[in-house]
Amino acid sequence: MVALNGSSVQELMKVDLASTSVRELNAELHAPTARRYEVHNPRGAEAIAVGLRHAIEVEIHGPAGYYCAGMNMLADVVVHGSVGTGVAENMMSGSVRVRGDASQSAGATGHGGLLVVEGSASMRCGISMKGIDIVVGGDVGPMSAFMAQAGRLVVCGDAGDGLGDSIYEARLYVRGRVGSPGADCVEKEMRDEHVAELGQLLADAGLPHDPGEFRRFGSARRLYHFAAHNSAAY
Amino acid sequence: MCGIVGLHLKNPALEPELGRLFVPMLEAMTSRGPDSAGLATYDAEGMHVIKDVGLPRDICAAHDIAARSGHQAVGHTRMATESAVTSDHAHPFTPLADLALVHNGSFSNHASIRRTLARQGIACTTDNDSEVAARFIARELTEGADLEDAMRSVLKEFDGFFTLLVTSGTQFAVLRDSFACKPAVIAETADYVAMASEYHALAELPGIGDARIVEPEPERVYAWSR
Amino acid sequence: MIDPAQAGLRESATFDRATIAAIQRAAETGVYDIRGWGAKRAVPHFDDLLLLGASMSRYPLEGYRERCDTDVVLGDRHAGNPLHLDIPITIAGMSFGALSAQAKEALGRGATEVGTSTTTGDGGMTPEERGQSKHLVYQYLPSRYGMNPDDLRAADAIEVVLGQGAKPGGGGMLLGQKISERVAGMRTLPAGIDQRSACRHPDWTGPDDLTIKILELREITDWQKPIYVKVGATRTYYDVKLAVAAGADVVVVDGMQGGTAATQEVFIEHVGIPTLAAIPQAVQALDELGLHRKVQLIVSGGIRTGADVAKAMALGADAVAIGTAALIALGDNHPRYADEYAAIGSAPGFYDDFQDGRDPAGITTQDPELAARLDPVEGGRRVANYLRVLTLEAQTLARACGKAHLRNLEPEDLVALTIEAAAMARVPLAGTSWIPGQGF
């Protein structure tokens, strides 16, 4: 690890994962001695920058593997590349931006913060999301927002089959086609407050789209109670 | 439960490099399958299979896989679920002279299909669930199906979780079940098609930064032929 | 009304009265029966085993005066801070939501008083529970309700839950009656809905991906916390091997008698294997890996007495966990509530409607008035007393077998009363050297 200036809290530290282990990197990020980090040669390694809890900036130059920025709090993480399964899973706060594509379960169970995937996200994006905001520049795969409880998922491209299956109170905005909505997920009216919140999310994500091009999906709330007439949906 | 990798070269100029490109792919999947490993390489003389117990690094070194040439390779690192750790139980399963199958996941009705195949005189030699899928596909091919159709038949008959990579002398095909929980990533360039359980197995390939990367959709056969 | 027995009426063994009632209930409602508790059917259990006390060939230890130690270390395979417990009897995972906050606090108080651990559940960690529990195991479940990395770091161990004995392969349920504002807030759900939670984790499946998930959890907690993997007992031999392969420090095996707060009756009674059958499979798996006693085995599902503790440990468990028994110690099914049980269609000794939220004992409820019936301090005292009795009983038996430490009990100290128990537990039928069914 190379510190770029000599004070006790440095401005920038560069970490080369070709010569430093993920363990060493995470230990440093958990007790940071710099404000900003550049991580090089990630080569798809797993569990990079997980469990952060300080307001630091981490830029990862290259593709990251499973659970990149998992359980993030406060930190702002940017990946200049693609990410594997479970990027920003269970994020609490802060932000994670993926310049490339994300694999399965992006933002899974996240409670807060903003996840931006500039490319596309594959299956189960936002599964069991609990308050996180997720903005995807491209498409999301099948079963995205499965059992989504709270938060907003914005899809600027198309959404695969089973969107929002068994959804609770999360709000979904899709600009392109929806393969098919899942059980208990229905299209809903775009009211002014939805246009406003979507506009803010797109602005936060730095994406140029007009909120008027999106449709909103959410829960029909028909599966909120076990009942005989719902048995086919279970 | 495992890691799977495959490399299908389009550019003949890379064929002398097949083993050198392939070995890091297999080694990258060590943590997904530390028990045993296996691989098949394809060249003008046909398919060559190596299966052994131990770490991929040691197996590749012992058989000097890095020096191999050819147009295609498929490999597997195994974390045994319900059957024994032996070289026979290692993947790939190769029921025909040029057919290799590697599997990540777990079938939930393979015992019934095994019995059906046995009644037709097709016997499995191990209790591994993946072998059943290999012999099922071999039966379909023997009866005249092409590889893509045979893989679609897998979707109709097999229950459970799977990512499959199946290769023949000329074809390279990937299929995931309807849940598509078991990971898979495919990278394609003008020079090759590469497939792996996780991206980091592909990270050392030439030109990977500019490759078209896709995650195969559920229940869709992805196939390449030469 | 006539007495059927007096009148010579014959009840069908196949369609007995409980079966008839179940069919009629199904026809009436169109929804399957959901209840709490664990399997109620009779299965081979610890009662079918006996210990061989010392006499001439072995020497017993003096009760009370000669030491019989009970401490256990859990999780020293990879974790920087393994758990050091004074007794090998822990409290199993039960959620705030399934139980009242007072009940969770009482379990923490009781466990802490005797130096053992308690466990969160499918609903996050409450401050009451963390505050009153010296050793708190944090469950990591498919739903991830209330999952917070600060709580993960505040926990003393992490238990990755794949399943539980009452419903291996099933997800969670919590019916609307129990989704109070506080429970709903912790789970990020609307209050009052019937909550269903997933049976698979949202971001991994199988042991290969679990390996990576455990790596992530270790990285987040800087390799300090022990990581348990909990499975419901089914294909236990394979599951234990795979949990170890994935990196677990501790494996928790929950037999089919293990409890639940809300599960389909058909699931509780028809899926899984008895605790007695699961332990030898788990121990065989660990033995073959050379990791028995290095990766610790915690067994739960039907532990009631010190005899059960001693027998489970003799079969190879490093520790046990109790759930249903701890609720009973708190006052569940107590005869003093007989009238109130009758008013909701049940009776002391039969009450299992934990899903319903109307528990007269104030344990499995979120109703503030009912929950207030349980004083956490008094409840904690009762749990501690019960844990002490279990420990004293287990020590009594271990001393009789000549053991200065509970962990020195071994399968050779056991015999079986029935052929079934002998086959499952892999110990000889009493008075013989016959172990039926050997050859796994």
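Think of it as A, B and C in the order they're written, each chain with its own count starting at 1.
To be clear about the criterion, a residue touches a chain if its C-beta (ideal position, glycine included) is under 8 Å from a C-beta of that chain, and two chains touch if they have at least 3 such contacts.
Quick caveat: nothing in here was measured; it's all calculated off a predicted structure.
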Where chain A and chain B overlap in contact partners, by chain label: C
Chain nearest the overall C-alpha centroid of the shown protein atoms: C
Chain pair with more C-beta contacts, B-C versus A-C: A-C
Chain A and chain B, separation of their C-alpha mean positions in angstrom: 31
Centroid spacing, where centroids are CA-atom means, of chain A and chain C in whole angstrom: 36
Cα-centroid distance, chain B relative to chain C, in whole angstrom: 41
Multi-chain contact residues (two or more partners), chain A: 46, 65-66, 85, 104
Residues of chain C engaged with two or more neighbouring chains: 209, 212
Residues of chain B touching at least two other chains: 181, 183
Residue ranges of chain A touching chain C (in the complex, touch as defined): 22-23, 26-27, 30, 46-47, 50-51, 53, 65-67, 70-71, 73, 85-86, 89-90, 92, 104-105, 108-109, 111, 124, 127-128, 130-131, 146-147, 149-150, 166, 168-169, 224-229, 231
Complex contact set, residues of chain B against chain C: 1-3, 31-35, 79-82, 104-106, 161, 181-183, 197
Complex interface listing, chain B residues touching chain A: 180-181, 183, 185, 198-204, 213, 215, 217-218
Chain B partner contacts - residues on chain A that touch it in the complex: 43-46, 63, 65-66, 82, 84-85, 101, 103-104, 122-123, 141-142, 160
Chain B-facing residues of chain C, complex: 200, 205-209, 211-212, 235, 238, 241-242, 245
